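Two complexes are shown next, each including subunit A; its partner changes from subunit B in the first to subunit C in the second.
And now, the complex of A and B:
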């Protein structure tokens, strides 16, 4: 396990070094990404400037949830680029190369690339968190800080598992699955707002179906000390992030089924 | 005790048939038609430690399917495959630890990074002990002349340099088996010769078992002791190169540089195939007249400056072998 983590770290270092070979291109892409994500956040601010609040939520509370979701997604997105490329790797036969090495394919794919420019999403997320924390005058006790970290880990795990699920489908079909992208990116857009603003069926989908709201919205309430307008108990808000890690474990098991299918069909 | 045991391997592939045109594509969506292709049809062989084996066959013959099964990245439908006591696909991770693979068509090195960084990462992936890694690297650098490549990004290497680095990378963890898939494809003549020598050398000195699939028969002729020919999923031949030559009764050529131009007198058992100025090609069947008898007869009747006997290239022999076995 420790050895696997070490190798994973080595993979990522190598990936970062490779990207640094093209520094100018990297900086330009990073800049472009920054402008786009900052623009998204600015849009929320402008909305609040015009309307003052969103149901019972003030701008800082929304910014806090926005921050958790975007930091989670940025981490997951940067770490799973290998799975995004996986469909092509099957077509070109490069996936065989991973199978020829004495390491798990999931580890190698996750380590394939740490896409630095995708980390740019971290910046507006972190800025939003700090800004919201000051505005809400949050007290960073140890339980609160731990819950924030847990929430980001749970969120990142959940986003990562969605990407793993999507990649797994490539074992069975070569068609690109835009539907899964809709869920992932749509999930980011949706859950960066407090979910009680949506219609019940919609928020149930993101609470129970694809629990993206579960791992961000509920812990955020606990940290901010705001009672849930939907009435969930406080203990649930604390354990909610675990669900994200659970789904990731499930997705990796499904991935293994996919690999076994690949070994028997060879395509 | 054989290192590789392959017994009665069978593998089918389902290939989806697509109809042409828009209507056909729509029909394909509704229900897809499949055709079953038999890639391996009862392949059996054993390979001992330290053998250097050439594996040839036309495209789609079953070569790469066999190699994939032996690499643990493909599960056969029936049959047995045991390598160093392990079933490759059941124990993939442990199996591939003893395996080095070089693809001529694609590199396993990190394209944008200096070669040495790829080597360092491979060391960690295979958990190669430091002293072993240093010893291997020093040897490869000295033997394969890749010192100057180590700090160069892979994308800037010539093909010959890259393949040498790829070979070094595949051997860093001292594998017991080395699979080479068309390693010399696209190389210039000098690089090819050097590359073959490295393979021979590592095979001899480390007793690494080498399985070489290739379309370049010169690779086989230069380094392999044993040859397997596969076609349509069946092994057609498994044995030595010389035995194959003898089995395929074939004609040899006597090439003579005459002292003067003019029609030479040729033994009735042989025939004059070609005349080009003073150079004469004579074809003969060794079963009817031996090379020695033909030469003494020819030199007795003609003035000769120089002569030599030529075997048909191995390519021609194998091509005739396919024809003789009526390949479909």
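And now, the complex of A and C:
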């Protein structure tokens, strides 16, 4: 385990050094992405400036949920770039090389590339979290702080598992399904706002189907000390992030099944 | 003699547009995936705006119904935005194949802009028609406010596509400076997203920011045509808004031409 982490660390260092070779281009990409993600946050501020509130929510509460979701997604997105490239690796047969190495394929793919510019999403996320904390009357008790960390870990795990699932499909289809991006990015977009503002069918999809609400909305309520308009009990809000980690474990198992079924394209 | 050469040149630009158009129409499965994504996106955004509108009783600069139609128009014509650079041109620049572009007996900027016009139109047409049908039939999208509004929208939308192509061509030219042109593209795309009205319809921006937003080129891509469609800008005001769009088209074309001729003076063809 420690050995795996060491190897993983080495993978990431190499990747970061490679990206820093084109420094000006890298900085501009980072700046550009920062504008896009900051724009999404600005949209929330503009809308609250215009409408005052979003049903029973104020701007700080929404910013807090936005922060959790974006920090989680940024972490997951940066750590799973390799899985995004996986579809092409199957097509070209490059994946065969990974199978020959004495490390698990999931570890190698995760370490394939740490795309630094993807971290750009982290900045608005963290800024939103800090800004929201100053506006909300938060009590940073140990359980609450732990819950915030747990919900980011749970969220990152859940987003990572969606990306792993999408890659796993390529074992059978030889192409990654673009449609899955809709679920992932649509999920980010959706869960940036409190889930109770949506129609029930849609809200249920992101609670029970793809349980993104369990790693953002529910724990955020517990930390903010706001009763859930949907009526979930407080104990559920505390344990909800575990679901994200659970889904990741399942997705890695499915990945293993995929690897066992892998037939090289031979090219 | 001179007239016939001119006609020949025009014919060649038209050939560029139509050839590029036909090759882009091949990507049908990507178009289907894009269609589903944009429908889902539209539904999410409509629900968010409905929630905001049900939170207030004060009169807003735009009605909830109008915003919904604005959102669906945005999803339908998303592909017309200047959101990426011509990837074929990028690989030409990286591989050195750009040398062949330079020996063509056509004006390079017009040639690239012809490519950009097709690049902005073909994917947009493929997606917009089924998406609009869906939005009308299922989501209750409103038709143009009046016949005149519809006509004004069509004219302004054409100008929007030309503006988008002019910006795209400008971005393509910047690739000659920075080999990885993605940085400037990302930066521009960020500005386009915010200040075109794609994220939040521009009338909902704070009142103090309106003069600034009005001066910028980006509203000509999204906000101007869509509000003409809604009748939010009366069709009789078309000339002044069209003039704004044309001004910025001209500005980007001139900037693109200057940047291109500067770049070509010191061009280094990579590879061999």
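By our rule, the second predicted complex is superposed on the first by the 260 of 267 C-alpha atoms of A that agree within 3 Å, B and C clash if a C-alpha of one lies under 4 Å from a C-alpha of the other, contacts with A are read in each partner's own complex, and residues count from 1 in each chain.
Definition applied: a contact is a pair of C-beta atoms (placed from the backbone, for glycine too) under 8 Å apart; a residue touches a chain by one contact, two chains touch by 3 or more.
Here the structure is a predicted model, which is why all the values come from computation and not from measurement.
Enquirer: In the superposed model on subunit A, is it clash or fit for subunit B and subunit C?
Expert: They fit: once the shared chain is superposed, the two partners occupy separate space.
Enquirer: Centred on subunit A, what angle do subunit B and subunit C make, from Cα centres, as a multiple of 10°?
Expert: 90
Enquirer: For A:102, decide between first (touching subunit B), second (touching subunit C), both and neither.
Expert: After superposing on A, A:102 lies in contact with subunit B but is clear of subunit C.
Enquirer: Just checking: does A:52 make contact with subunit B only, subunit C only, both, or neither of them? Give me first, second, both or neither.
Expert: After superposing on A, A:52 lies in contact with subunit C but is clear of subunit B.
Enquirer: Looking at the overlay, does A:179 come into contact with subunit B only (first), subunit C only (second), both, or neither?
Expert: Second partner only.
Enquirer: Check whether A:198 is in contact with subunit B, with subunit C, with both or with neither, and answer first, second, both or neither.
Expert: Second partner only.
Enquirer: If we overlay the two complexes on their shared chain A, which of subunit B and subunit C does A:3 touch? Say first, second, both or neither.
Expert: first
Enquirer: After the superposition on A, what does A:17 contact: first (subunit B), second (subunit C), both or neither?
Expert: In the superposed model, A:17 contacts subunit B only, not subunit C.
Enquirer: Now for A:94: first (subunit B), second (subunit C), both, or neither, which partner does it touch?
Expert: Touch status of A:94: first partner only.
Enquirer: Quick one: name whichever of subunit B and subunit C touches more residues of subunit A.
Expert: Looking at subunit B versus subunit C, the one contacting more residues of subunit A is C.
Enquirer: What's the minimum Cα gap, in whole angstrom, linking subunit B and subunit C in the superposed view?
Expert: Shortest inter-chain C-alpha distance (subunit B to subunit C): 11 Å.
Enquirer: Touching subunit B and also subunit C: which subunit A residues?
Expert: Shared contact residues on subunit A: 22.
Enquirer: Which residues of subunit A touch subunit C once you look at their complex with the stated criterion?
Expert: 22, 24-29, 31-36, 38-40, 42-43, 46-47, 49-55, 177-179, 181-182, 185-186, 189-190, 193, 197-199, 202
Enquirer: Enumerate the contact residues on subunit B facing subunit A in the complex.
Expert: Subunit B reaches subunit A through residues 13-14, 65, 68, 71-75, 89, 92-94, 96-97, 99, 101, 103, 106, 108, 110-113, 117-118, 121, 124-127, 153.
Enquirer: Write out the stretch or stretches of subunit A touching subunit B in their complex.
Expert: Of all residues in subunit A, those touching subunit B are 3, 6-7, 10-11, 14, 17-18, 21-22, 92-94, 96-97, 99-104, 263-267.
Enquirer: What residues on subunit C touch subunit A, complex-wise?
Expert: For subunit C paired with subunit A, touching residues are 30, 33-34, 36-37, 40-41, 43-44, 47-48, 51-56, 60, 178-180, 182-191, 193-194, 199-200, 204-206.
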